[in-house]
Amino acid sequence: MKLFEFLGYYNYWVFAILLMIGFYAVIAKANLIKKLIGLSIFQSAVFLMYISMDKVEGGTAPIIKPGVVDQLYSNPLPQVLILTAIVVGVSTLALGLAIVVRIKERYGTIEENEILDAD
Amino acid sequence: MDFAQHLPALQVIVPLLAAPLIVLLQPRGFAWAATTATAFFSFAVSIAIAVRILAGDILRYEMGGWFAPIGIELRVDAFSAIVLLIISGAAAISLIAARNSINQQIEDHRQPLFFAAWLLAIAGLVGMVVTADAFNIFVFMEISSLAGYILIAGGPDRRTLPAVFKYLIIGTIGATFYLIGVGMIYMMTGTLNLEDMAQRVVGIEDQRPILVAAAFVFIGLALKAALFPLHVWLPNAYTHAPHMVTVFLAACGTKVAVYVLLRFQFSIFQSFGEHLLQFALFLMPLALLGIIVASLVAMFEGHLKRMLAFSSVAQIGYILMGASLMSDSGITASTLHMFNHALTKGALFLAVAKFATQYADLRIDSLKSAARSMPLTSFAFVIAGLSLIGVPGTAGFISKWQLIMAIMETGNMGFIMVAIVVISSLIAVGYIWRVIETLYAIPTDDLPDDAADVSVKPEKIDMLLIALIFTVAMNIYFGLVPGLPLTLAELSSKILLKVEF
Amino acid sequence: MQPRRSQCLPSPQRGAATPANLFIFLVVLVLAWLLWSGIYKPVVLGLGVFSCLLTLFLARRMVFFAQSSELLSMIRRLPGYWLLLVKDIIVSSWNVTKIVLAPKLVIQPTMVDTDGAKLGEMGQTILGNSITLSPGTVTLDIDDGRLLVHCLLKKDAMALKQDDIVDRIKALES
Amino acid sequence: MTIVFAIFLLTMLVITAVAIVQSSNLFVSVMLTSIFSLLMSTNFFVLDAADVALTEAAVGAGITTVIFLSALALTATQEKPNRSGRGIALIVVGLTASLIIYATFDKPRLGDPDAPVHQHVAPYYLDNTMEQMGFPNVVTAVLSSYRGYDTLGEVFVVFAACIGVLFILDARTGTGPKYVTRKMTGLRHHLIPQVVGRILVPFIVLFGLYVQFHGEYGPGGGFQAGAIIATAFILYSLLEGEQAALRAVPRSAQLGLVICGALMFGMVGVLCMIMGGEFLDYSVLMENPVTARQIGIIVIEAGVGMAVCGAMLSIFHAFAARSAEDTDEAV
Amino acid sequence: MIFAGVSCAILVTMVLAIARAIKGPTVYDRLLAVNMFGTKTALLLAVIAFLFGRADFLDLALAYALINLVGVLAVLEFFQNRIDANGDASGD
Amino acid sequence: MIEWLLIVVDIVSWILLIIGSICVLIGGIGVLRMPDFYSRIHAASLTDTMATLALFSGMILQAGFSLAAAKLFAIMLFLLLTGPTATYALANSALLSGHKPKAAVLEKKVE
Amino acid sequence: MSPQLAIMLALVVPLVGAALIAITGRLHDNLRETVTLITATLLAVIVWSLVPLILDGERPEVTLLQVMPGIDIGFRVEPLGMLFATLASSLWIINSIYSIGYMRGNKEKNQTRFYICFALAITATMGLAFSANLFTLFLFYELLTLSTYPLVAHKGDAGTVKSARVYLGVLLSTSIALLLTAIIWTYHVAGSGDFVLGGILRGLMDPASVGLLLALFVFGVGKAAIMPVHRWLPAAMVAPTPVSALLHAVAVVKAGVFTITKVIVYIFGADYLFSLPQSGWLVYLAAFTIISASLVALRQTNLKRLLAYSTIAQLSYVIMAAAILKPMAEIGAAVHMVAHAFGKITLFFAAGAIYVAAKKTDIAQLRGIGRRMPWTMAAFSIGALSMIGVPPTAGFVSKWYILGGALQAGHYVAIFTIIASTVLNAAYFLPIVYMAWFEKEDTSINTNTSVIKEHGEAPLLMVLALTITAALTIGFFFFNGTVIELEKQIVPRLDSS
């Protein structure tokens, strides 16, 4: 039981770890693309947290099985939210990359410290 | 169904749907005209909403016909109404003034996209304000942020790009933090509707996820709001953005994040007074520190736009300091200052935009004797600057008055805060006066010919100047007759503090 | 090694989108839809028809028929070929398995040229992919009908030189 | 069982993430990101979120990777070593981590059926979707009707990203002379990918349409479909080069798709208002509210699909149209 | 139960693939691992769909099967002549 | 009769599935063990082809005559189509970028 | 004309005048100056028309608008304000006449701006004088600061701007930092800031806080130039002489002492303050300012700077008088405002006339100048005597009242201060008078010989103006009844004490 409870939180811990890995990359890396990659890990971690909370033991995806009574379904709401969030994430990423491309064109580098030096 | 009932929805939908239309219809003159028309429509809607709010209504709208916790509800009360007025007003004024400045800064063929982004920014900001759903706030926050990045990226200088990138990274981190916070609250309450959340959070407020959620929501929104130590993105973004975009964003960009922040703190986390107290105790030093430090930085900043940007950071400190007093009058002051600061900063940046039409370089030194060739603009800058300082007769004074009154209520501790407000006002005198002095400096005698040249080219009276004068007039008007924002602000504080009225 | 790049550019009209080919392709699409969908309500069926036609239109527009028309014409003979191919795969899988699991790795990497010039583009593609599919051999490059193959064992390379696989595909094409 | 899977997958996720951050070759990082995305998607699937898994697969593994690669092609593939700022980063990260881990202990356990999330709003959706919508996929029902307004917002986020990328990269809408001069690209010299790709493209499109129109019954819907169809077109342009791809689907058509998609969604909402309902209340469109909702949902899902597809294509082409040569002269 | 075994086998292989992806040493080894990982994911999804008794979720695996190619081809298209410049050297 | 057939089908499918699993594992091991890139490809293609074939066949047998079977078949087809294509693309780009295989070259056909 | 209308007109007329000056300034100089004079005259007439009413004890009131609940912009005429308004509006006429002469004679640039700002300053002064509450007072106080800044910085060169910055910096920062705080505190405690005879704070605060509040007011009103916030006044000497006259005599410093007096009388209530020992420090501070400013004045070589330090000392007389908190002293404070105004404006006019005619600014250059400029120097002498407090000049009257008040209170420090400063005043003014009349002209010191070797009197308009003010200085000694009558009304308990 103890072990099981421990494992029941595993998702959240992985969420925390991933979040930190992404966050670390965003803060510590000077390379702009690396920052964006970190950002996408960071966001993915949050998706994981949401999706983790929708799971029901013994349940299944929330697509109603006609005629089956007593079926447990996982919670559709976080899924909807994360669907939205994924698309938001990729939109932000695309915009960020566009900016990075322009930075590369104008500065000739995508390293933050070199950009700072250039101005 | 009564048309008026759709007002909250229209407020969002109209600019939202106008954006693709503008991209669809390419000619650029049209793009500007249509955007401006939409913004004015939006402004009209927000005025209509404000009128109904003043009549004592709270407007509710069930999106998709689904009742509150199931569907997404729009809910407009006095606090929302005043922020709506700020956003749509700032949009309308900056847009109508924007044409020449934008023509100068954005190439013709990019303009439809630019204006579409502008509309999206309006829609996003407005959407955050009218909605009563925590996740919906996130979605519209992202619309407004993305549109904001685009708008700022329109800046001419290459330094715009790193600035936008930084803004993008920090903005996304902020939004994601917010999302984490909302997720944790949702995890513990099972709902996303703010009111429902507030009810269901009662009794579990000491659970750790809720406490941590409060922290995440706070940090996330503080990032977006550029609260003092988290403000690093703001100065560069404002400095390098196209001038008219700076006008718009400075007037309402960070205010909306503050709005959401206050909403959360006072409606969701209010049920546990102890937390609220902690919030206030945490916020207050940050606000005070922000006021002082940002003002000092502004004092030594040589670039006009950057200087005003730092002053914006300080002003956010004022707003949050009012809120951190947690009293009726404190929140009134805070809300009022949102409104008045929007007016003031809007006017100042409009003046900057106008200066930019004749002065390519916006460092303060290079604006020497600008008053000779641009007397009206310079004068407008003076008035707006006085409003920023908080000289009586201007809008800025009203909110500072309210703020100090609110601080006085707290008793002896208050004197330190009063002192800080006063000191920062003095610093504001310093940095504003530095500009004014430069503007009115009489050209030194060894350059008489240049001076003559400048004075030959008279100030062009265009929409920008008219908008500027109008805004400055509003600064004075609301400094003398602050009834409208004051009433709304008082209603807001009652709503936030859940005082029956 | 810089192989020449002299193959002709695809001209836009190259696809032989004959009505027959179009029809066959449509049938394939409809079949695919019906098998995937599994929901036979009028609305969904109507959307299915719409989807198939849209796909057909796009396929034509996007030069689907450039080589695929060849595929469509050999569609009847494909299953037989597949069976032979599966047999090949099983055999060579066994060989590779042995190598991988052997305590000591014994490999003899070998490169070999195969002539596929007598095949059409589709034929060459099938040839190349078939070679890659069978473990132990990988197509590295196709240039002017010559296939460069990398083999794990020398005996595979020798087998490739026997040309019977090319003949098999030639039969498929005709 | 699920937990075992989950632990396995999650551990791999962590390893991958560390590898991504560690690797100084950006190119490798991006490829690992695609693995990360696949793992995440599998994880979602294991956690009973099929729709999300499909989206993550289509968007994360497909489109994101491609866009990353196209950006990498324009910038750099190697990260320069830089050790500054690590201390601060570690402190900030450590603080945040301890905050989250502190929060963990009062959270409901994974899969706990008594968790508050399963008690309040969600049961309403599960109980009423069949009755009110007439189709089984609750996620689609929530997405397009109960919380249709969020989805509208999301479409506009995509739209914003699209115009943003076009604006920032200054890619002209419509085919201007500037963009035809690009030297030849594409994998047309590679016979096998080209032939296979050509066969594959129509099937991907068909599959995308299938996902689009079966969103009510199985995992899928506008987002996934849009992303999948966009992937098909991207594959096509990878194979045939920019020019051919733009000939098949011109820029104006891409942008048109976005605009039409977004407007379609919005107009359905406005129509609902005109017909006397609230915004996005499809039930007023016809006499039978259930049918009306179904029709409304099909239309708006189509709008979503179009918008996402068009946006992803526009974004991709905006990147792809900038060759490395352009980069050099613009410095 | 057999499916559980199969999926475990696939999972293990995925781990091995990741190991290869991290180890390198060349970019192509990593790419190979990534590609392999993708196909294994498709397999895994199909198997899990069976394992959970929801065969209608095979769509997901189908999507993977179709999309997986794109990433690899994108690498080729964008780096036709660039990988050699700085790719191989980076066997970190 | 029918039951007997079903049992046989079950057993066959199990065997297939087990073979598939083993192939997958071996492929994975091979990818780790093989000494250089070009030989690793071979190991990888083991998982790509043999394992795919076996696993999907097994699953198709389990699914019986149903839409799932059709879908599985389609997936298998696509995997078998894209797998070698991707492999080719990889190998080809490695080759073109100057990553030369360490291999003996077998010249002219042995007549 | 109803009194309400008169109040409004008093505010509007100079404002309209400013606008008209702006318009006519582009057309013709003469037209502009005519407008200035007409406006000034009109204003004076309007303000004078109110005097009989106030003498009759009426207190007309106008509320312009309510800014916030409890905070109005309102006007109410009471004796102190009446006196100040009358003084300012009357002196404006004279000052205008003088300005015309000075500006023309000196060929200054930007004359239109000068006249506009002058009119605006007068508007602010009127608003200040008539304000009915602290808020309105503060509003116009700031307006006055801002509208005089361009006047101080008139010359526009770097040194001037620097001095003007000191002027503005000190005034603005003290007002915002201290005065505003004090006002808000008052509003917070009393719930309003209305000027009510006898004060509004009685019993609402603990004595220590009252002392603190009083300090905030005294130092917040930088215009009163009490040490150590006097720095702006010498700095402002860079301004043209009519502006100095405006600063020292007509409006600015008067506004300062006026504000303090008004606050003491109407916000604290004189006898309430008197009952509290915590307020006693103000007298000492004022005394200190008087003595030290006088000592500094002794050491000045520049005429205008000397006059500036003299002003600082004289202002503190008013404050000291107000702070003695005895009825007679309160009257003395009001009267000294008038007396000092007449005297100091005369002195400045004279200094300006000397500068225009001879370009002389240093005391040492003034030897024998009385023979070249007899009218000017005669007026100067009268002004100087008034400063010292010699009868029959205005200065004697006010000193008499203040001394009376000090005796009433038994405040020996105050008495000593008055006596000592009188001696000091004499010590720094009499030598100048002596030099001007009885010493020989020393051409060697005159550096500007090439410019003006043989000069006579200044332009006629200037001489006219300074003659008038000199006459007024003497006239006030004989005809001060009205003023005393008026000011007795601010100390209703005169008889009872």
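The first chain written gets the first letter, and so on, giving A, B, C, D, E, F and G; residue counts start at 1 in each chain.
The rule is short, and it goes like this: a contact is a pair of C-beta atoms (placed from the backbone, for glycine too) under 8 Å apart; a residue touches a chain by one contact, two chains touch by 3 or more.
Being a predicted model, the structure only gives us computed values, none of them experimental.
What is the set of chains touching both chain A and chain D?
Of all the chains present, those in contact with both chain A and chain D are B, E.
Which one of the chains is farthest from chain E, going by Cα centres?
In terms of C-alpha centroids, the chain at the greatest distance from chain E is G.
What pair of chains has the most C-beta pairs in contact?
Chains A-D share more contact pairs than any other pair.
Suppose each chain is reduced to the average of its Cα coordinates; what separation in Å results between chain C and chain E?
It comes to 21 Å between the two C-alpha centres.
Averaging only over C-alpha atoms, locate the centres of chain A and chain C and give their separation in whole Å.
38
I'd like the Å distance between the centres of chain E and chain G, where a centre is the mean of that chain's Cα atoms.
Here the centre of chain G sits 88 Å away from the centre of chain E.
Centre to centre, by mean C-alpha position, how many angstrom separate chain F and chain G?
Using C-alpha averages as centres, the distance is 101 Å.
Would you please write down the residue numbers of chain B that are in contact with two or more other chains?
135, 139, 142, 146, 149-150, 153, 180, 186-187, 192
Which residue numbers or ranges of chain A touch two or more of the other chains?
Counting only residues that touch two or more other chains, chain A contributes 19, 23, 53, 60-61, 63, 77-78, 81, 84, 88, 91-92, 95, 99-100, 102, 106, 112.
Could you say which residues in chain G touch two or more other chains, in rising order?
Counting only residues that touch two or more other chains, chain G contributes none.
Can you name the residues of chain A that touch chain E in the complex?
Chain A residues touching chain E: 60-61, 63.
In their shared complex, at which residues does chain D touch chain C?
Touch residues, chain D against chain C: 188-192, 195-196, 198-199, 201-203, 205-207, 209-210, 212-214, 217, 236, 240, 244, 247-248, 294, 298.
Touching residues of chain B toward chain D in the complex: what are they?
Contacts found on chain B: 1, 6, 9, 13, 16-17, 19-21, 23-24, 26, 61-66, 69-72, 107, 109-110, 113-114, 116-117, 120, 123, 127, 133, 135-136, 139-140, 142-143, 146-147, 149-150, 153-154, 180, 184, 186-192, 200, 207-209, 211-213, 215-216.
Which residues of chain A touch chain D in the complex?
Within the complex, chain A contacts chain D at residues 4-5, 7-25, 27-31, 33-34, 37-38, 40-41, 44, 47-48, 51-66, 72-84, 86-88, 90-95, 97-102, 104-106, 108-114.
Under the definition above, what is the set of chain F residues touching chain E in their complex?
Against chain E, the touching part of chain F is residues 14, 17-18, 20-22, 24-25, 27-29, 31-32, 37, 40-41, 44, 47-48, 51-52, 55-56, 59, 62-63, 66-68, 71-72, 74-75, 78-79, 82-83, 85-87, 89-90, 92-94, 96-99.
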